[in-house]
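Here it is, the structure, as structure tokens.
Chain nomenclature is as follows: A, B, C, D and E, assigned in order of appearance, with residue numbering initiated at 1 for each chain independently.
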Amino acid sequence: MNISSVLLLLIGSFLCISGGVGILRFPDFYTRMHAVGVTETLATAMILIGLMLQNPDGLVVVKLMIILLMTLFISPTASHALASAAVHNNLMPELDNKEDNKKVKSSNP
Amino acid sequence: MLMGLYNYWIVVVLMMVGFYIVIAHGNLIKKIVGLSIFQTSVFIFYISMAKVEGGTAPILAEGIRQYSNPLPHVLILTAIVVGIATTALGLALAVRIKEAYGSIEEEDIQKKDNLDC
Amino acid sequence: MKDLFAVIMLSGIYGLLSASFFVSMDAVDVAFTEASVGAGISTLLMLVAITMTGRTENPSRHKPLLALAVVIVTGSLLIYGTLDMPYFGSAQAPIHQHVAPRYINDSMQEVGVPNIVTSVLASYRAFDTFGEVVVIFTAGMGVLALLSAVRRPRDVAEIDSFNKSMYEEHLILRIVAKMLIPFILLFALYVQFHGDYGPGGGFQAGVIFAAAIILYAMLFGMNTARRVINQSFIQLFAAIGVLLYGSVGVISLLNGKNFLDYSILSADPIAGQHLGILLIELGVGFTVASVMVIIFFNFAGRRNNQQNKENNDSC
Amino acid sequence: MLIAATIAILVVMIMAIVRGIMGPTLYDRILAVNMFGTKTVLLISLLGFVMGRPEFLDIAIVYALINFISVIGVLHYSDASIFKRSDQQKK
Amino acid sequence: MLAHLPILQVIVPLMAAPLCLFLTRSRLVWLFTLIASGLAFLISSLLLQQVMVSGTIIYELGGWDAPWGIEYRIDQLNAFLLLIISAVSTIVLLAAHTSIKQEIPADRHTLFYILYLLSLAGMLGIVATGDAFNVFVFLEISSLSAYALIALGKDRRALWASYQYLIMGTIGATFILIGIGMMYQMTGTLNMDDLSKRLPEVAHTRTVFTAFAFVIVGVCLKLALFPLHLWLPNAYAYAPSIVTAFFAATATKVAVYLLIRFTFSVFGLSFSFTALPLQMLFVVLGLLGIFAASIAAIYQKNVKHLFAYSSVAQIGYMIVGFSVSTTTGLMATLLHLFNHALMKSALFLALAAVVYRIGSVQLSQFHGLGRQMPFTMAAIVIGGLSLIGVPLTVGFVSKWYLALATLENGWWPVTALILLGSLLAIVYVWRIVEVAYFKPPIAGRESIKEAPLSFLIPIWTLVIANIYFGIDTRLSVQVAQAASQSLFGVSP
């Protein structure tokens, strides 16, 4: 187990957790999505590269690469689709304005 | 005993959650969700008994002595297929019931049936 | 929880969780299947169903006490039954002593496939798997009998325009999906033929293959997908899968061996086993893929028809 | 180290479940499920290494694919007219 | 090919089902289905003959020996059941083409026959197999096709009935799965024969007890034993008539078979009847079932409902015979299995003919049918007499042995209650007779004619069989006796 792999795994885990905290603590859907979307790609990349460094066996690295590539494709696409769907269905971001707040809450069961 | 069996107890609790949803809820879709939870828990039960301490997945490889039991895995593969088949059919029925009765609540349907008689 | 949508999302999570559990319990093949079925296909089917049946549950409740009593009795009986079970993970348990050792120790000589699950599934207990294929075929036929509808050609243009307006919004999705779909199909083939050596096999491959087609149908509209995959053609395909499986068995019958005895298929028994497993896995893959597509198409087609009717009514 | 990363991911998964249960909007739930799926992919890859048999990464690939397809499916069918209409009615 | 009969029995209908998709015309599909079912009938008669001559046949699937592979194990009991199922299926199919033309939309005909064949194959598979898990798989084949077939009924209530059946049936199957899992966990094997050898070693454990309880409850759900019977009447009443005739005669029989197989062969007699107070429980439930269902039958307005409730009552008789747990008692149960299949298929086929002519089975619509459809109504009357247990019909034979069995055990009150139950049957059968023969035809329906020959031939085949086996009891009694003796021989 070399040092770079450990480091990458550590960063990855940290990013994961920060994303998790984000999805719990942030006030509305868009900010939560921001937290997840930003950390997810990087965290996945870190952890997967960390794993690659652990095992230089050919096939395993190739599979990890495939997973990584797919995550890089899929994750932003899914986030994009999610956000655009939310906008299309008139879900408003929660703003400073308190009245807005109430409206959003009451409109979403 | 606690350490030896806790796994099964958790499975039992999960099973009973699913079972409760099936028999207590009136919504047809929810019943089917409950049914699939019930079945999945039974799968977990089977898979737990296949595990051997220190064993690995039953795919032969050099230098590995201890494998987990492959037979329950085979059984559960079959059972999963049966499960999805049941779910699909149940959902299809629910959709048809909605079309015919205009509702998927057990009570409403029973009421409408009584009117028919 | 009254919102059925949330219920289904959570049950999808349950599927994913149990699949992770299966991985940690060494059941890789099962995890493979559960991931694609429990979290993928069945969640999707439930979603399509609730778009047709409505999303909220009535708050009315009835006899929860009786149900609770039944559940508690059953649960305590089960707990009582677990008390004498061999401990979790114990290698001394009877199931690890009696039948399984032969599978683990001898399957390599007798069947010649490294993945023991595949060799048990496709050779020792091949008849169970035949039953499994027939079950899925039955489900496909049942869904057809319940949901298939005669489509009036006049509606096609309407549905098309309806779909167009819907997926114009998802330009990025469509491009990514276009890149992914060939890859998914390729991966399905890999899973199909790699089942002897790693986790995977006909069932998993069939589901992945069907998932690719479903993805296509969702993003490019049902009718485009229908143009690619003809409905009655795919029904025949489902039948061919079952027949392929069965005829492998019949060939061994005709050669004087027992049903599904593959050793007759080739001069060398091991090679015969290989060939037999390959063929039946192919049969499984055919049937599963086409039945999944049939089921999904019928659900989605029913839904389109309903929407059309509503649109016509409101006009 | 692998164990630590696994535990971290498990913790995040629990957080995602909490968000999935709390909602409040449909999209929060989808987001939670999506995140849960991605984390499962990572978990499976890590578990392969923890158990010392990393050749089973195929499962992780399937998870990634299925996750994508189900998110698309969820969006496709939650954008469906029935949902829109009921949401509008409530407003 | 004779050595391969056990597997051909299941494979023929199973492979015929997907082949149906390649045929285009409804008539062709029907002929093909009929041929497949007829072949199955032929095979089962050959099998029964073989078994009676040479004893248990063992067939190893895939060429793997027993506890590792799956085996088919045909003894007298299986062969008898196989014969009943395939015979009923073939006779019922004769009428299918005419009947479903009216009850099922044309584009569903092929699917109907496919599902029918699958259901048949599933039941044959359950009966033929000697592997506990294989039972579960084939149980699901037959149940899934049954749900779909029932839902094909015209009335929208068919959908609801089918859904309820699906929920109950799946719970039952899952219970059986849990039970099988626990048995497997304690013994490490799934083969029934092997299980019966290895279970006694662990019979005292709480796990085996629980496994037994779960299997029994699961089977009883499928069996529609009295408190768990709620799904049955609606499912039978609203299914297409042909489906009702087929299922009423076979589906519950298969469940009874499973009950016998698990209690006698797998767990062994001594365990089964000591672990739980099974004898007491089943006698009480059986008798309760007879009375509750017979009384419910009396108050039904729909004739299909009426006979469906009567089916629940007849299951009560079988369970009473089973719980006596002597050779005679088991023999009475097996005989009643056979006889009940004969009478119920005749009755429901006759009802199918009535539906074909007047489109309804409400009792109020039966006015004067006795003169308008004399042959059909005569068949219903003879079937009804058989249900009551009048001498010279098959019903008498099984009731006779049942009474004998309870008397042998000294259960006087049970005998009396069984006879009392038969009196209730007189009441509900009389209601039909009264309406059909002693009321004038409904105005505007004078033109109703006798059912077509395609109905009358199968109906009267069954009716004649009803009378023939009521007079010449040698064949059925001999087989039933051999089967029950072999079961008691297996478990000392």
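Brief remarks follow.
In this section, a contact is a pair of C-beta atoms (placed from the backbone, for glycine too) under 8 Å apart; a residue touches a chain by one contact, two chains touch by 3 or more.
Quick caveat: nothing in here was measured; it's all calculated off a predicted structure.
Of all chains in the assembly, those touching subunit A and also subunit D are C.
Using CA-based centroids throughout, the chain positioned farthest away from subunit D is E.
Seen from the C-alpha centroid of subunit A, the farthest chain centroid is that of E. Set side by side, A-C and B-D show the greater C-beta contact count at A-C.
In whole angstrom, the spacing between the mean C-alpha positions of subunit D and subunit E is 47. Chain centres here are Cα means. That of subunit A falls 31 Å from that of subunit B.
Remark: subunit B and subunit C have CA centroids separated by 14 Å (rounded to whole angstrom). If you average the Cα atoms of subunit A and of subunit E, the two centres end up 57 Å apart. Contacts with at least two other chains are made by residues 15, 19, 23, 28, 49, 56-57, 59, 61, 71-72, 75, 78, 82, 85-86, 89, 93-94, 96 of subunit B. Counting partner chains per residue, subunit D shows two or more touched chains at residues 26, 30, 32, 51, 55-56, 58, 61, 65, 67-68, 72, 78-79, 83.
Subunit E has residues 133, 137, 140, 144, 147-148, 151, 178, 184-185, 190 in contact with two or more other chains.
In this structure, the chains touch in the following pairs: A-C, A-D, B-C, B-D, B-E, C-D, C-E.
The residues of subunit D lying in touch with subunit A in their complex are 1-2, 4-5, 8-9, 11-12, 15-16, 18-19, 24-28, 30-32, 34-35, 38-39, 41-42, 45-46, 49, 54-55, 57-58, 60-61, 64-65, 67-68, 71-72, 75, 78-79, 83-84, 87, 90-91.
By the touch criterion stated above, subunit E contacts subunit C in their complex at residues 4, 7-8, 11, 14-15, 17-19, 21-22, 59-64, 67-70, 107-108, 111-112, 114-115, 118, 121, 125, 131, 133-134, 137-138, 140-141, 144-145, 147-148, 151-152, 178, 182, 184-190, 198, 202, 205-211, 213-214.
Residues 1, 3-9, 12-13, 15-16, 19-20, 23-30, 32-33, 36-37, 40, 43-44, 47-61, 66-78, 80-89, 91-96, 98-99, 104-108 of subunit B are the ones touching subunit C in the complex.
On subunit A, the positions that touch subunit C within their shared complex are 70, 73-74, 77, 80-81, 84, 88, 109. Remark: subunit D residues 51-53, 56 touch subunit B in the complex.
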